[in-house]
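Heads up: the structure comes next, in structure tokens.
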Amino acid sequence: MKKGVMRPGHVQIRVLDMGEAVKHYTELLGMIETDRDDQGRVYLKAWTEVDKFSLVLREADEPGCDFMGFKVVDEDTLVNLEKDLVAYGVEVEQVPAEELKDCGRRVRFTVPSGHAFELYADKKYTGKWGVSSVNPEAWPRGLQGMKAVRFDHCLFYGPELAAVYDIFVNVLGFDLAEQVLDPEGTRIAQFLTVSMKEHDIAFIHHEEKAKFHHASFFLETWEDVLRAADLISMTDTSIDIGPTRHGLTHGKTIYFFDPSGNRNEVFCGGDYFYPDHKPVTWQAEQLGKAIFYHDRILN
Amino acid sequence: MKKGVMRPGHVQIRVLDMGEAVKHYTELLGMIETDRDDQGRVYLKAWTEVDKFSLVLREADEPGCDFMGFKVVDEDTLVNLEKDLVAYGVEVEQVPAEELKDCGRRVRFTVPSGHAFELYADKKYTGKWGVSSVNPEAWPRGLQGMKAVRFDHCLFYGPELAAVYDIFVNVLGFDLAEQVLDPEGTRIAQFLTVSMKEHDIAFIHHEEKAKFHHASFFLETWEDVLRAADLISMTDTSIDIGPTRHGLTHGKTIYFFDPSGNRNEVFCGGDYFYPDHKPVTWQAEQLGKAIFYHDRILN
Amino acid sequence: MKKGVMRPGHVQIRVLDMGEAVKHYTELLGMIETDRDDQGRVYLKAWTEVDKFSLVLREADEPGCDFMGFKVVDEDTLVNLEKDLVAYGVEVEQVPAEELKDCGRRVRFTVPSGHAFELYADKKYTGKWGVSSVNPEAWPRGLQGMKAVRFDHCLFYGPELAAVYDIFVNVLGFDLAEQVLDPEGTRIAQFLTVSMKEHDIAFIHHEEKAKFHHASFFLETWEDVLRAADLISMTDTSIDIGPTRHGLTHGKTIYFFDPSGNRNEVFCGGDYFYPDHKPVTWQAEQLGKAIFYHDRILN
Amino acid sequence: MKKGVMRPGHVQIRVLDMGEAVKHYTELLGMIETDRDDQGRVYLKAWTEVDKFSLVLREADEPGCDFMGFKVVDEDTLVNLEKDLVAYGVEVEQVPAEELKDCGRRVRFTVPSGHAFELYADKKYTGKWGVSSVNPEAWPRGLQGMKAVRFDHCLFYGPELAAVYDIFVNVLGFDLAEQVLDPEGTRIAQFLTVSMKEHDIAFIHHEEKAKFHHASFFLETWEDVLRAADLISMTDTSIDIGPTRHGLTHGKTIYFFDPSGNRNEVFCGGDYFYPDHKPVTWQAEQLGKAIFYHDRILN
């Protein structure tokens, strides 16, 4: 949090059928619907999140990610980061307050990999769902499905990783926690953090721009990962891989798909990060193990 | 335990290189070497087992399973079961006491699927490894690798399942806990038990006789299954599938290979059985889910 | 299961307020109400149990246990065990079929410790709750609270343990799995089993007759034990001790009270038993550790 | 990390017998001895820590904590924080580089509760123990005992909490994550963080100055907490309470004592924190539940 960027605050995802999507993210992932807007967008949050929403679903003709937003500590920080982006040559767009309900103004920009990001300082504080801020119980009763703890990070595919790195690290104050290097030493994957988490955002090299790999949601334990896998089977949801462990970050994970074909991850654990940690390096020759630690091959 | 057959007591497995095999079963699976014999066979046990050994490794030119032995409650039971086998038309072979060190006489027979089994009543009682029988600690310090709890069951492939069923159920007192039926109602897999375990032995239909699918070892928890998967990766051991859950029995599992190519399973959990339970049926159309509950396809 | 006694099949518990009791056993423990009878008794089962009920609640002026019943494999076995009890000098009482709804005739007897037990062979088979017997899912959605897996055992306090032992071991075919011996070698606690479980019933010496210590319900994992403890706190239920581990059986456990003051246990894990296992002995000098393995003192 | 304080970096603890203490912290907690110095002090670290040590043991006539040190991001930050402390009226003491081996200069100060703290920017980077920084395995083989993951925080008792709060929050950039308020609204406990952790340091009101409650070490899972409790029993270590859950932070925990009488905690889980989180408040009337969530009474 060197420059005041605090956390991944929201992601807007395109879905083909809103009813199916809401059912998927509430009944299966266990998120809570908190609002809808005039555009028909649906707002959801995970139970430990203190702000009103972290996931926005928008009905569209094809799946994918519209943008990912990072919350910064305050308006002054937002002003400064905006200046820094512009100074660095990044074109920024103003999204007015309330374009997302109960969210303050957002500063939007697109990075050379083709992905759109936003910074914002304000969102309605609703507190954790189902637990009081006074003498809080350990967890709320009444959670559904996988009982997702929080929206955690996204993984994107695209070109120009070095240019993207410069923006996130040099302008926005992220750190490089983990990387994959090819034999020539070129970084083909970068896991970036502004927190103790091993990644708040990750990019993997791909020739095509603006590809969305997955949005990830945190679970508490490996047993929750098992139950998530069971629920995937019970609900006949399309699974990608898992339960397994990643080599990169060492998180314990499952990949699966929402009804529109967007990949979701739920995971637990994983290493932690401090700014004095040297980056962990994975060699591209070991990419299978880096991605799927147990199988050691890509699926 | 209607007829006095108590449990899977041992399995003799052929390995190509004894040194590598012993390393695999001790350092990786966490079994304890308890003896060797004149033939060069190596005897091992898992720590909770009270008898001297449950796994016998024999060096040979090809991998596989020589035989699996069941312990019966006493010599009278052995005498009776031998008579019942003969009366049923099963040819039995006498293996004298001490052919396996510290093991009493064994009654050996081959079932129509081509697999060899044994019954025996006596084996040297050594008690659990590493814990006292007086004021015992919860577990012994000093276990290695996966810390296998016990040899649990084997799965065999072969023809003539109905004839094999008759011997195990009608002569030896096993119960059918789970089955897979094809659309014509033919049983193409049978999971048989003499205990509260959902299977002490299992057979899947295959045209070729005498095929060995895996020997299985019990672990205590799903977290132990994760650590087992991690160790498989760390030791560059060949993995087959997992961590995952079976549909059949609902056990949580990993399949992997010993250095000779014999498949091992480690697993935890799974359903329990009593003799008044009606068999669980899986439809062959759902065989993918029956075998691998999460992926729902065969690998 | 040497003599055909299969498992603890039911326990009838006295409660002071039926409404509160039903709420406790359904919403907190997660049992399912399956019926009520003319006497106002309420029948419940845990989800993995295949018979109609395992817990019967009877409203009364004081709490306690009316009787515990064991299911035997069939009517012939029941006839034989009844004869054996009578031949041994145990007075038996006939309870007609349907005295408990959908339960066959019961043979009731009181042992010298003052506790009443029953044997029965028939109860309505309803199958597991919430999962099919064809292609069954791993667990049912919609379970409440602690999601109790099964009624597991009871622990009683009373005198004359040796005489009680003789009836259970010599007449009914139980085995002694664990015991506590005082310095003179007198058995002051006995844990008896007819299965792979380390205890199906247990007795601890106490001068007063017919004392009920607890009815115990099985949970799947140590994480479920934590959630159970959390729920105890959230519902302001009276806790006795835990989460902790027992020395005896090594089960992981919590003790707490129903609204009438009956002690409940939920636990997971624990050692397993085969009839050739020598009994585990705890010395009375180590009773604290035997009961509560971590604290090593009695509470 | 608003002002550049990064994490609890070390704690120096007084022990009565160095041999016993080293055995306790290595064989039981699973820390690794990394060095000793001329004064006879012993340096240890937990395996995930990238710096050379986090625990320093000093032999003395009575147990307790000499000081706790926080690592800051760099020397500039150290210079600034030192100025800020002095400007705020806090007396600072210079401890030269190498007074602790391989550690840079430290700025020491005592807060009004009577406890000594240090800031430092440099310590020898040794990387995680037992795993490579290139293609790292998930965890190192060969860890002992509880396999402590990291030194996590300390809890101190003393007076003048408001004055201590001002130094940590206003000068050093900590946030208040959780607090206990008495009926008059006076803060009698404060849990302070500079990270995503729910506490990096905590203070509870006590009339006497400079009391040390415990040093806490992180474990990965609730199952590790169980194994830690088992090891406490196996090694006949003095236990205080647990396994249980705290209300404050919701961490899952055990308290026990080192051979000198210093209280240790090992714990896992617990809530996470971001700077926009409002403090969680526990009412003093609920102090029992705040401290020990399951028992709801103080021990």
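So that you can tell them apart, the chains are marked A, B, C and D in the order they are listed, and the count of residues begins at 1 in each.
Going forward, contacts are C-beta pairs under 8 Å (C-beta built on N, C-alpha and C of every residue); 3 or more make two chains touch, one makes a residue touch a chain.
These numbers come from a predicted model, not from an experiment.
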Path length in steps (a step moves to a chain that is touched) from chain B to chain D: 1
Maximum centroid distance from chain D, chain identifier (CA atoms): B
Centre-to-centre distance between chain D and chain C (centres being mean Cα positions), rounded to whole Å: 44
Distance from chain C to chain A - Cα centre to Cα centre, in angstrom: 48
Mean-CA-position distance for chain C and chain B (Å): 31
Residues of chain B touching at least two other chains: 138, 221-223, 230, 233, 245, 289, 293
In the complex with chain C, residue positions of chain A that touch it: 137-139, 141, 221, 223, 230, 233-234
Residues of chain A that touch chain B when the two form their complex: 222-223, 226, 229-230, 232-233, 239, 242-245, 252, 254, 289, 293-296
Residues of chain D that touch chain A when the two form their complex: 1-2, 6-7, 48, 50-51, 71, 73, 125, 127, 133-136, 138, 195-197, 220-222, 245, 247, 250, 269, 271-272, 274-278, 280-283, 286, 289-290, 293
